[in-house]
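Pasting a structure here, questions to come.
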């Protein structure tokens, strides 16, 4: 079996780059990997999303699990790499929260709405706001839109670090906020306060399915595929739901399908990059 | 009335790892009268600077009391000491000029502190700088000045506010004789005309002589002797004072000088003390002539101390041996202090 | 390059935000830091206004704040921020937080530089009967002016760097622009141009600082 | 609190990482920064080894690096990092980058503090026929030792703060722990305990620095 | 052979905003022979320190050349200058002690630079500190010393490597007469025994007198006059030298002193120059006696310069007016330099 570059032999160690190592389900996952697959999983936590992919490419990780297809496509397109998805985990809806208002329509004109500032979440957040009728985006918006593409707006969009939108909402600095699920759960934002969200089950949300990613050469590596599968062990899935306020829509998609989807989205990304 | 009074003041410093103590001042009591020029002399390390620094409270005594102008400065808070200090000018041994200020800015500083209005300040600064010969350097910074020029800035700064008490720590040590004389004349003038009390530390006799009324001789942190200028110099009682006076008056040849003198002078060499005796010279000459002794002055110094002459002259005596003996005996009988150098 | 041009308006805005954040932080933080630094210097044992209690308290306070991760610091002072400026996000919020952070850093720099001032000149000022505060401001600070100016320049550069974290809280600025429009999108031209702009701003500040320091030092 | 206890092993590891990152960065960055600072000081016009060219180049170089956002800086030096330590992520990578960043900051602090040294003592050393490098190391640095120690203390605190960004690159450490296990999860006990730990470390460093500086200054 | 030679050296400094120039040295040429003690005197700001700093290359001249020990130091790179400097000791006017080193560390520094081994270093440091009376302060730091103690450390440091050339800038200005005499005796000894060439800046006559062979008098950046000690002091040719000598010898009463003397002395006051004439005193006395004039010495000084007497005495003359007139005329006829003070 394959192993980390530096440690050969039987004892298999796999380094997985993640962005939420603090979530308890990873502990469950690591235990199971040891028991069932005799694989030692080393989690490497990144608080910056721009790093796990280059690190994987540089063979400093064997796998990473923090992104969705859309993010990976974007990365491959812009960096010229060819990283591949080998297993799906879940889709998370991206809801718009408000503490004072019940529907998007109630938001007064000029109210401040926070969205994440990283490229992918920002585009997705803007698409959510557009769907909610709060902004319109240039050319109808793409997975690459940024605040610069806002054509007309009812509300004032402010970008914050993804981890900060919930806090800004709670502090009363904004009237509404796009909050990623993990942060909503951590911030104990009541689910009821989600006044709008994209539909995780819809086909349009398909590119937002989160994935295990490997280097292309490793896309058929049995150990890695098993590790991806292990995510859907009931114990892990339960933990994932707990960590995400039961809003995760768990997905099992075959590696081949994921890779095909990636190709499509990546082509779109390349096209978007050229325009 | 006394302007400055020290009562049993002791000051010691800790030094080194094992906490050794240096006793810089050891039970010093002292009184400086209002309007007096008080000289403090003593060898290097005797405690002179420490003494002066206690007077304006830059240093607190380990024990004892210091009174300035009737107020016990050692009992005052730092805050109350400030009022006292505004009326005290200080010339530092190491100048302590502000590097961030120009020459004019240095002199203006105490005036600013005292709240003197701008025009008045400028006027006074110009006058003082003119006096110390640095008016054309008003806009230079201290590091552009020579040692003596720096000292002159320090003097001008200390005098700026026309304080009623001036503390001068070796105020002319870096100055040439001519400039020293000018500075001392100024000190004399402010003392006489404005009644400024001056405490003057120096190792130069001429400085003391030019202006001091009374002197204290320090030795190892104690005051070995104090009294009027004339008394201390003409008739030193303590070994320390005698020692210092000998070095300072330089009216008696040192052993080395004597040796050199002997090389060029074949006659007998005697030193006669001069103590303010009018007509004394005539008596001396007469005595020598009477005994057919030729006397040549080869060394000596007569200074004027508080309007009286003090010093000594060294003569080479040539003539018949018994004549010389008789002349010396006659002089001694007259009460003249004659020492034969050998 | 194309993408850079598309984002030109955002870039322009980012420059404006950076100037806003940096200038206010350096000035406000600089003044507050000067005050804190003077307290640290003046109250240390043996100094002009020696006060063990104040010294220990301020000393600890300054250390309380400096090492806290900026995200947490900003979160921690949110209540204060709400009172002071009514919001916890955006350019003003970041500026507020950065000013505080800069102040604590400045205070240490000031303390260091003032400590190098020769005791002799302070004695000269004391002998003139000057008040401690006046001595601090009109003697000690001017005597240390050269290094103090370089210290401020140092902080200026530090604030430009810290302002990159403004993006976390919607503060914008060039650092955020370089990251979100540049490195996060693997768009290197944007990164280069933006970083170059940052560097030009910093070099300009540094040259000014060096120039002023040289004038103050006269060597 | 419970959650804190669950994460105790991670916390322990984070402490270890922080010590590792901070100590190496302060020592390695400190030495490199000392060297750079000496170059800045010695080559400035009118100084011991005045050299306009070297001075301008190093001056600009130092400013090139300091203001670049840490994420971008770390990305930019990845090729260098691969050559030097064979990885671009993890504790070593962060330590490497922080050491460099600290070095550039240290250089400015050193420069500032050395500038306050009185020219007279340097002249005394020159008059004794000492070499410029020997004058720098055996006269100039010792004369500025008090402030220089405080400068290093300042950088130490700064490095502890910067080490919070280690998390960006999988470097771990207390700062990252406080953010990812604490503030991002709105888990305040974790934040408090972690920040308190950071502060204790920093206070200990500061007290040591103050103590040594006082010994060096003798006032 | 000449040890130090300056050829047409000019040094000017820029100052102020408008780029004014201070000419500190103006076309100075000078030669100091090997093994000589060369004194430099002059008023504050005359350019003395600047001159001495050019010799070891601490300052570069604006124009002109400086040779030390046969090498043109102005043509050497900083690197090559170092070799020359190792053989030059320098005592700074402002001491320039290393604050970061103890007293012993300061003295040891040049020895370290010269690569002297540890034990030898410790031995020499102890010997020097013992000599300057600071052995018990070896482990103190400069700020714990008095002004004179600091200066003594500077002296010990300059002598540490037993250099062949010693530059002393006001080396005794902070010292009391006794310590000064001790230091000068040491300088004399190193000069005689080790053949060390010494360039000595001072404003104190006694310092020059005690050790110098030749002197230069500086004035406004120029050398007003130079020659042997005796020539310059006994017969100054330039106004600058005369001016300085008058201030330094202090053998003639200043106007203020004269005024005071006049207050207590009713007779006519005359000052007679003394120039190394054996038996002169007898002649003087005889003349006065012959004319029934009583003469009292009220001021004066006779110094020994290079084994010859130089100075003057001020007499109060009492007696018949015509007798005094005749006596003075007789003295003048004899070639005696008599000035009536009025």
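A, B, C, D and E label the chains in the order they appear, each numbered from 1.
We take it that a contact is a pair of C-beta atoms (placed from the backbone, for glycine too) under 8 Å apart; a residue touches a chain by one contact, two chains touch by 3 or more.
If you're wondering where the values come from, they're calculated on a predicted model, not measured in any experiment.
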**Report entry** Other chains in touch with both subunit A and subunit E
**Finding:** D
Query raised in the report: Using direct touches as single steps, what is the fewest number of steps from subunit B over to subunit D?
Result: 2
Query raised in the report: Which chains lie in contact with each of subunit C and subunit D?
Result: A
Report task. Going by C-alpha centroids, which chain is farthest from subunit E? Tell me that one. Result -> A
Query raised in the report: Just how far, in Å, is the C-alpha centre of subunit B from the one of subunit A?
Result: 88
**Report entry** Geometric centre distance via CA averages, subunit C-subunit A, whole Å
**Finding:** 36
Report task. Round to the nearest whole Å and give the separation of the Cα centres of subunit B and subunit E. Result -> 20
Query raised in the report: Listing for subunit B: what residues touch at least two other chains?
Result: 94, 143
Query raised in the report: Which parts of subunit A, given as residue numbers and ranges, touch two or more other chains?
Result: 50, 163, 167
Query raised in the report: Which parts of subunit D, given as residue numbers and ranges, touch two or more other chains?
Result: 71, 75, 118-119, 179, 183
Query raised in the report: Which chains touch, pair by pair?
Result: A-C, A-D, B-C, B-E, C-D, D-E
Query - subunit A-facing residues of subunit D, complex - result: 6-7, 10, 71, 75, 78, 82, 87-90, 167-170, 172, 176, 179-181, 183-187
Report summary line: subunit A residues touching subunit C in their complex are 49-50, 74-75, 78-79, 114, 117-119, 122, 146-148, 158-161, 163-164, 167-168, 171-174, 273
Query - Parts of subunit B lying in touch with subunit E, wherever the complex brings them together - result: 13, 15-17, 22, 41-45, 48-50, 93-94, 137, 139-140, 144-149, 151-152, 169-170, 173-181, 185, 188, 203, 205-206, 210, 243-244, 247-248, 250-251, 253-254, 256-257, 260-261, 263-265, 267, 274, 277-282, 284-286, 288-289, 293-304, 307-309, 311, 313-316, 318
Query raised in the report: What does subunit D use to touch subunit C in their complex?
Result: 46, 59-60, 63-64, 66-72, 75, 105, 108-109, 111-113, 115-116, 118-119, 144, 146-147, 150-151, 153-154, 157-158, 160-161, 164-165, 175, 178-179, 182-183, 191, 195, 198-199, 201-203, 206, 210, 213, 217, 219
Requested in this report: Could you please specify the touching residues of subunit D with respect to subunit E in the complex?
Outcome: 118, 120-121, 123-132, 134, 138-139, 142-143, 145, 216, 218
